[in-house]
Structures are given as C-alpha cells and as structure tokens.
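The structures considered in this document are given below.
Two complexes, one shared chain (subunit A), two partners (subunit B, subunit C).
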Partner chain A sequence: MEMTIQIKINQMTIAVSEGQFVLEVARNAGFDIPSLCHHDAVEPIGACRICLVEQKIGHESVLTTACNLVVQEGMEIFTDSAEIRAHRAANLELLLARAPGSKKLRELASKYGINEPRHPPIQDNYPKDCILCELCVRVCSNLGHKALAVLGRGDRKRIGLPFNQPSETCVGCGSCRSVCPTDCIFMRDTPETRTIWGKTHRFVTCKQCSAPIMTYEHRAFAVANNGLGEDYYDVCESCKQVAASRRFASVVW
Partner chain B sequence: MSANPANKLQPADDLPRLSGDVVLSASREPVAHTAKVLAINPRNCTGCRTCEVTCSFVHSTAGRLGRSHIRIHPQGNDRFVQITCLQCSNAACASVCPMQALSREPATGAIIVDPNRCVGCALCEAACPFGHMHFDGESRKAIKCDLCAGNPACAHFCPHKALEWR
Partner chain C sequence: MVVIKNAEHLEDWRTELLVKTTSHRKSISVCTGTGCMALGSHKILEALRAEIEHHNLDAEVELRPTGCHGFCERGPLVLLRPGNILYQRVQPGDIAEIISKSVMSDEIIDRLLVTSEDGKEKYPTESDIPFYRHQQRLILKNNGLINPNSLEDYIQNGGYRAFGKALQMGAERVLDQIIRSGLRGRGGGGFPTGKKWEICRSTKERERYLICNADEGDPGAFMDRSVLEGNPHCVIEGMLIGALVIGAQVGFVYVRQEYPLAVERLNHALTQARNCGLLGKDIFTSGLNFDIQVHRGGGAFVCGEESALIASIEGRRGVPRKRPPYPAVSGLWGRPTNINNVETWANIPPIVDQGSDWYASIGTESSRGTKIFSLVGKVNNTGLVEVPMGMSLRSIVYDIGGGIRNHKKLKAVQTGGPSGGCLPEEKLDIPVDFDTLVREGAMMGSGGMIVMDEDTCMVDVARYFLRFLKSESCGNCTSCRDGLIVLHQLLTDITEGRGNQQTLQTIQNLAATIRATSLCALGRTSVNPVLSTLRYFYNEYLEHTQNKRCPAGVCKALIHYSIDPDLCNGCTLCVKHCPSKAIEGQKKQVHTIDSELCIKCNACRDVCKQHAVSVQ
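Take a look at the complex of A and B:
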C-alpha cells in the first residue's frame, strides 16, 4: 500500500507518496530546479550536480542532489537559497570547462551570473563537450541495447563503446543523441546511411518514395522486442498519410 | 492487432453521423471515458487549410506549417481529406514505445507524449500506420496531436464544420 507522507519544500507543506524523489515532487509543486542529467525514463544517479537542494536536519543543513533524494517524513527542503545558487554556479563553471560549446549549458550558466568561465576548457575531452552525465549510457541500457559504457577512471573517464571495440549491439536509433544535454554525440544522416559511434548503419527506405525510415538494425530490434511486424515499418510517414487519405476518400465518396 | 495497417481504418458505425455523412475513426469502440470525439467530415472540407495554420500556430511559436499535426490531402480537383491522429483504441505508437512515454489522457481520450519520458528513438514515428507521429528535430522528441487538451483548435476554427469536436 502506498503511504502518504508530508514534507516541506520552501516552507510549503506537501503530501507525497513514499518512494518518490524530491526533484519530481518539487517540480510537480511548481518549484523550478534545474537539471542536466535527469530523465524520467531512467534511474537518477545525481551526476551533473545541478539539481542541488538544501536539506535542513536539526540546526544543520546539507546540500544534496534532489534527483536521487528519496522523500522522508518531516523532511525540510529549500530549493533556491543563496548557498545553493553559489554551489550550482560553481558546478556550472566546472561543467563549462568540459563543455564550453554547449548552448544549453551556457544559457543555464548565464542565469547564474556566469558569462565568462574562470576555468580553461579541458583539451582532450572526447566526445567534445561531454559532461560525463551518463544519460546516454543509462538510456541505451534501458532500451536494451547496452552499446555504451563509461570507460576509464578519474580524469581519464569518458563515454564510449566498451573496450573501444566497434559495437555489435548499437542499432543506430539515435536516442543517445536525442537525450544528450550538451548535444555532444556525433551523428550524420545521409539519405541511405546513418553514422553514429563510428559505425555506419544502412537505412530501411520507403517502399514507395525511398525516403529513409529507420536503420535495419533498429527495425530488427523493434520487430523482435516491441510486438509489431516488419510491415509496420516499410512505408515512410508521408506515404502513409497519402495512403490513409486515399482510403478515407474511398470510404466517403 | 491486425497485421495489415490498411485494415485498421474502418468507418465507425457506433459514432454519431453528421447529416448522413460517414464519420471516420480508427477505433470501432468509442473511447469509453470521453463523450466527445474529433469528427472528421471530408465532404465539408474545401481545402482552405485553416486547420493546418491553426494547428501550427497552437503547437509552435512561429506558426511553422511543418509543425502542424493535421494535413489536408487533395483527392482530385475539388475533394479534400484531412488526416490527423485518430487516437486509435489499440495504438501502434503506444504499443511500440520502449519507454512507455505514450499514454491515453483520461479526460480527452487523446494519446499524449510525456516529453519527460520520451528518449527520441523515433520508433513510434516509424510504426504509426497513418503517418501521424512526428519527430521534432528541435526538441528531439516525438510530437503528436493531443486534441489541444480537450478543445481542438482545428475544429474550433474550421469554417465549414468539416472538423467538429462533439
């Protein structure tokens, strides 16, 4: 049975259910907490450190990431104190050294008063502008492909293919690129192929107009795991619209 | 679910009819929790594309026609068919979504995308038998007709009652 418990966010009492995270509770209540590595579809890991909130425990307060902080009875949270803003700004400055080219990151940083980062950009960051939030890794593994991994430790940590070997499980769906908060994953589409993570995938093309639909590997994975047959994926969006409109017309007139 | 996508489109006998014209819906069973449906009547459509313009203004800030969730398809010289999301009762898009980001909104009966759960794999776009799931290149997420949260702008502005919310 779900238990209802009460917590205080910015001195507002909110009833929440057990097991929820502070970030989702606070956002549902209308408090704006910025985050980069959070995505509802995957487990939170608190990697980007931008969703920091202040938790009051007695006379003391601790800073902790809201995305993976589970609510507890009587918890007192502050989401936008001066101290939090200072810590978020410091973290943003550090992230900017990793990803000076990220527009989203720079916009967020300017909200915290950082227009010129103090730290010089890290030179050998690959993929360029990667902030190591691991969102792509988590999403890829949640999708069932498990093509990406965190390589190395310490200052050599980076995101890539396991053991730097060409991936056998990457299907070229492009989800990693879609979710990347700093837009650092390279993907290039041509009418016939998609190149991502050093591998070139061939597109399934529309039976009627030969427009690209999805990669062959992605289709094979979807047919095997998502329940619809291959015939759902062989005509492109606009040709399907035209076919549907003709069928509509044949029923009406 | 039928294997042939074309078989999924059938005139819905159990939906109200507009002055003898056929009202089309993808689902034979009307969605139980809503009284209203977006009724499409191509016989009244003059191809003025007001619905396309309205939809693109509602769903994008600059009113880009490419962002419209409804499309007019001319059939010969004076016949037009409007195609939009049919909110299928057994929807292909929702069934393939690996992140369960697509769900039916109880209030309106629309299948809506949860942008916080969508990871942008574009599988739903490839799977929709009617070509009405779209992938937004800007946000890199799926976008679709959400029936404007219960007051579809296309039906509101259609001057010829070719689209009706009733």
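Take a look at the complex of A and C:
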C-alpha cells in the first residue's frame, strides 16, 4: 500500500493512503473511537453518530463522523474533547431510548456516564432494540441476497423484509445477525433447522458427524456463485480438518 | 412547427409572431394556475370562450389562459388588456357582463375590482393594487402574460433570446456574466451560482449532468410550482444556457409527484422545444447537444436535499450522503452534476439577456436580484410575491400583505420553511436577504413566509414543525431521527402542562446535539423552529412551564373556557353550537360552561356575538 497523504490525528502525523477513512486510520494508529454502525466489510453510512471527531478547518473546528470521512492531505483531526464526549453521550442516550435492552449499548453508554437514560423509551420499535444502523441490510446486500430493506423514513423507519412479505431471497445464512451491534435479530437454531426472518430453513448436515453445515438455500446459492460443486459441502469444516491432519500424519510418519 | 436554425432565424420568427397578434384589439387573460383552477377558472375560461363566440368577437379579442398571477386567494383572476384591468373572484355569472361592458364598451365593473380592506378604495388596474404595486416581478412577470402551453407566446415575449445571445457570447463570457451578477442559489443554501457552475465546468470528466430541483417540499410554499406551471420554457431556457456553459448533454427536472399540472405543462413544453430544435442534437446548428428528462419524485421532503435527490434519480433510497465530494465534482452516477433550484434556473435568462450589471443593481450587496416568497398565514393578502432582496419584512407583511387579518396584532413571521425560524415583531425592519436572516436565527430557505398573529402559541408552532420534520427525516442519523422524536415529545409535554425548567434545559442540550452532529443540512437546521422560538419567545415557554398557562389560548390542556356573566345576554347560541352539551342556560339567563364536559373546541367563542366567552 502506497502512503501518499499525511494527516494529523491528535497532533500525531500519520502517513495514509488515498481513499482511506479516518476511523480506520485512527484505529490503526491506536486511537479509540467508539462506533456502532461501522463494519470493515461494508461502505460506511454515518448512521449512529457515535464515532464523532473534530476536524480543524482554518481557525474553526467542526464535528463530523470519522467512519465516512475520507482522508485529505493536511487534514487535522482530534478524537477526544469535552464537546465530542458530550455529543457522543447525547446520541448514546437517544439510542438507549430506542434499544434499552441492549447490553453492549448500555456498557458503552455507561462509559460516557449514562446509566439511567432520561428519555422515555421510543415505542413500537421493531425489531425490538434495533438501532437502525442498517448493518444487516448492507451486509445482506453485499452478499448478493438483498433480502432485507429499510422501510419507511423518519420516525417510521424500520428494518425488515421488503413490503413486509416473506423473503424469496433470504438463504438463512445468519450474516445479518452476526453483524448486528445490539443482537436484536431473532434467530433460532435446532440441530435440523434454522428459523430467521419468519422463515424456517432446513440444514445440510455433515455426512460424517451430522453437525449442521449450512441451510439448503445457502448451499444452493454458494454452489451457483462459487462453482465449487455440491459435494464440497458434504462434510463440515471440522471433519475436513480432522481428515486433513490424518492425511498429513500419514505422510510424515 | 418551425425548426429554428439559429439566433437570426429565431428573431425573424419572433417578428412574424408579433405582427400576427397585434391584429387582436383586446386580450383577456384567465389565470389557470392550480389555485385559480381549484376555484373554477376552467369554467370561467369556457364561459368566456362561448361568450366571445356568441358575440362574434373572435377576430378582435384574444382569450389567453395564463400561469399563476400570484394573488391566489382572490381567484379566479381575469386580466383585461389593454388597460391591465384586474377582476377578482370572477364567477361564471359575471362573464356576460364582462364581455358586454368591459370588452365591448370599455366600462369597468366596480364590484369585481380589488378593494382596500376597509372597502373605501377600489383599484381598477393591476398596478394600482398594493399587492402588486410594491413588488418587482422579474421572474413572475411573464406568468400573467403568456399561455404556458404556447411556445409562440414565450417567444413573442422575448423567449430564447437570451439563449441566442449566450451562443454568440460563448460559454466563458456567459459564465463571467453569471458570476458578476452575484446570483445565489434560490433553493435555500444561497451558494453563488456562478461559482458552482465554474467548479462543475472545470472538472476533467467529459460526461456532465444538469439537474433542476423542483421537489418543493416546504409546507405552504408554491413558488417553484407556479413558475413551472406558468412559464416552463424559462426553466428550459435557463438549463439550455447552463448546458452551454457547463458542457452537459443531459438534464433532469426532478418534480414531486404532487405537482401533476406542473409535470403536464413541463412535458408539453419539452416536446415543443424538441420539435422546434431547441432541444436535441446540434441545437441552433451550434454543435450543442442537450435534452431534458422529467423525473417524478415520491414526495419525500428529504429528496429536496441535493445528494438525496441524486440518489432518488439513480433509483436508490432518498438519503443524503456525506459531502465533499460535492455533486459538482461527483454527482449523478459519479459524474459532475450541477444542481440548481427552479427559481435559480429561471433567473438565468434575464441575467444573460439584460446583463449582469443590470441584475446586480437589484437587491443588496451580498444578495442580488429578486426573490419570490409565498406569503401565507394571517395576512390580508396571501399569494406569491416577488420582491427585490433587502426589502424589509415589514414592507412585505404590511405594504404587500395588507397587514394582519381582523386587525389582530402580529406576533411572528416564520421564514425558510419548516426548518426556518420565527422572527418576532421587533425584527420586522430587518432587510430580507440571505445573510441577515441567518444572523437573526431564521433563513431564506426556498421562500416560504408564514405570518402569525397574537392567537398563535409559539410552543405549539415549534411542536407543529417538529412533527412535520420528525416524520420527514430520512431516518439515517440517530441525532436527527431519534433526537426529533424526543424533542417533539418534550414539546408535547410542555403544551400538556408537564414541562418544567429541566425540560427546557434538555431541549436546549438536545437541540445543540442535533445541530452539531447530523449529517445533512436538513438535519442540522431541523432544530431552528425550536431554537428561534426559544430565543425570541422564551417568556411564552416559561408561562407554559412555570404558570401552566398558554397565553395565546391554544394548548388545550392549559386553557379553560368561561362565560363572562356581565356580557352574556342569554341568547342560547352557544348552547346550540356546543357539540358536547357542556353549556347550560335558559333564554335570557346567563349561561355557564361545565369544564368537565367542555372539549375546548372553541365553537362557543366563535359564535358568541357578545364576545362573552373567554379563554384563560
């Protein structure tokens, strides 16, 4: 990676590459910036407004989010100040009103001195404890399923299935749930089935140990897109590892 | 249809058209803007047509449906030329008389004239009417003159002459004129238009786009609608000049779904322009290729924000994105895109036609030209007004607006749409320009102007605007989406008597966070209604929180109705009108209101001729 640009974060000069985002750069340099709606795998949208930093422009400094701020030559950034903390706290307090049940959110808020939120809970929030960061939607879309969507706007904004209809494209991969910062997406696994977004999928199970590997829909999607063939998914990863180590052992000894 | 080959050819056609119409001795213009149409102007038009035929006046009298004249509340409006005699609130029954008296024998019909509020003065011609007299109608001038469906009418009135001039001047000199005119964007931001064009023009990409923002989402604002409905060709001409300067091949007009008439007339105008060689390939044999597409929006307020609008045209959700990069560098499909509001585009032809020095002589040092406002609320004359920048609010409200209805006292003027601010009476003398309004806590916005009288509760007003904004936020940022929900709840608490000093403090803090940490300008300015009312009407908030009183008598939880026994004459009118049977009283005996049953609908107060019902 070619380092072509120099920026200053908390008065430390750092060489970075064109097109990088400030959040990534600052975290790599060891500065702690909290965020909820950011994930390295997807494009940033600046939804949660927690990764606030101060950008110095001339004699003034403006508050902006670090996740979607592209580095520019000579840029000066401060990642912590009384003002930043106050506004982060205020936004965390708002999010707590939306997701009072989220443990991760409560922990982060308590770091900012908020233990008991003053605002009453925002009613009718569904999925419960969803903070509308759209990570699930973005990940699902990047994977090519596009099963999830943002519905409505303003105070009626929700995450859900388009037109609230059962999804034809959800393969039950569970990626949405794995990226959710508040663990608010309902998913229930049994040895044979997975239930998510109102649909129950059957698992393909390992031919050797019978452990669930992935859902049938997920396998069909994977086979259609990566060309590996269905038999590639006959055996689970751990059984494959065991087999590989046995093979290795037989060669060495 | 004539296909125009070049600027000289256009001038020849214009001369030809002018000769043709001078054969008409008289002309009758009927407003066919949305306002007058709703009041039945199409019936007036039909009746006039029939009456003209009946008297065999076709050769002498020209009947012309025109765009909005601006004086919407007096519609349907009929304008007679020569003489510029304006008749208001014309009904089909008046038509025969108009033709027989005013057209056939130059008599003025007194009862159809606009009168002063006390009824003493009558104003026969358009220029006598105070509503028009104090305006400077640069953009709206043609609205009352031309048939929006007729390209010939537009050309007769100097249409596309500016474009012809621009072609002769060349892109650089036109750009120089726009820069020197000092024109600033009319959509709300007030960014210098010439500078925006220059940035877009100097990008390396060869494919560039133009967008006309006609997604007028402010409640009560209809400037852009009236321009598009009344004079669509002036927007097309502005965009053509823009295409020449910026080097764009494709333009888009983003119109909201709720403007069907504007879409219809614009599409009609675009077809005419294409047929005449004003759009398409090799326009005026100059090598310029440009065409315009109409894109209909779904009516989301946030799609008026440029980056959200671009996302919407691309087929994505209308959500603003972080700038920079600005659209002028990377906009529609990642290409340089110049986006201007309808009114800004409409300002371009007059600037090119009459020169930047002329244009810069209108208005103030930092804000040049005129601005169209939709003046609404508790003023006597509501409608579209166009004034030079720098005119005082007082002049707009009193000279043009004719003062406050029913001789009430003015309390506030709200400018700049839902995220604008409320200015109190003592700020009435400030000049209306971009910078002064911002300094005083309001903004120019796209030009909404709502006048409020003493019966308005400012806490309730702030709450009303926040209700609009919280449902029209795109919902991306925590601060704007959830902040506005909570802020609205806090204001509701105050209006329902649950507010205290702590509530006010929380409102202040939360508003500061929303303003500082939201992504787009709509989010950052969304707290203006609260902050400006807190700044200028703090005492009203205190009355609500400390004394649990609503001084304007609006907030239902904090008021109660009573009947003054000294004034009540026992007429039983209120008893009859009370929907909840809360008033007791026999004829000629003093009535009383049972506050347990009273639903505070104000019906008794509205009907009482003795003014005996009071609100506390």
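In this section, the second predicted complex is superposed on the first by the 230 of 253 C-alpha atoms of A that agree within 3 Å, B and C clash if a C-alpha of one lies under 4 Å from a C-alpha of the other, contacts with A are read in each partner's own complex, and residues count from 1 in each chain.
Keep in mind that, in the parts below, contacts are C-beta pairs under 8 Å (C-beta built on N, C-alpha and C of every residue); 3 or more make two chains touch, one makes a residue touch a chain.
These figures come from a predicted structure and were not determined experimentally.
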Worksheet item: Now for A:L94: first (subunit B), second (subunit C), both, or neither, which partner does it touch?
Response: second
Worksheet entry | Partner chain in contact with A:I5 - subunit B first, subunit C second, else both or neither | neither
Worksheet item: Touching A:R156 in the superposition: subunit B (first), subunit C (second), both, neither?
Response: second
Worksheet item: Between subunit B (first) and subunit C (second), which, if any, makes contact with A:A211: first, second, both or neither?
Response: neither
Discussion item. With both complexes overlaid on chain A, does A:A29 touch subunit B (first), subunit C (second), both or neither?
Written reply: neither
Practice prompt. State whether subunit B or subunit C is in contact with more residues of subunit A in the superposed arrangement.
Written response: B
Fill in: Partner chain in contact with A:A220 - subunit B first, subunit C second, else both or neither
neither
Item to complete: Based on the superposed arrangement, let me know which partner A:M187 touches: subunit B (first), subunit C (second), both, or neither?
Response: neither
Worksheet item: If you stack the two complexes on chain A, which partner ends up touching A:V251: first (subunit B), second (subunit C), both, or neither?
Response: first
Worksheet entry | subunit B - residues contacting subunit A, complex | 1, 3-6, 9, 11, 21-22, 24, 40, 42-43, 71, 73, 75, 79, 81, 83, 92, 95-96, 98-99, 101, 114, 116-123, 125-134, 140-141
Worksheet entry | Residues on subunit C engaged by subunit A in the complex (per definition of touch) | 300, 302, 317-319, 321-322, 469-479, 481-486, 489, 506, 509-510, 513, 516-519
Worksheet entry | Parts of subunit A lying in touch with subunit C, wherever the complex brings them together | 45-50, 52, 63, 65, 68-69, 83, 86-87, 90-91, 94-95, 97-98, 118-120, 122, 131-132, 150, 152-157
Worksheet item: For the complex, which residues does subunit A have touching subunit B?
Response: 39-41, 139, 142-144, 173-175, 177-179, 213-214, 218-219, 222, 225-229, 231-233, 236-249, 251-253
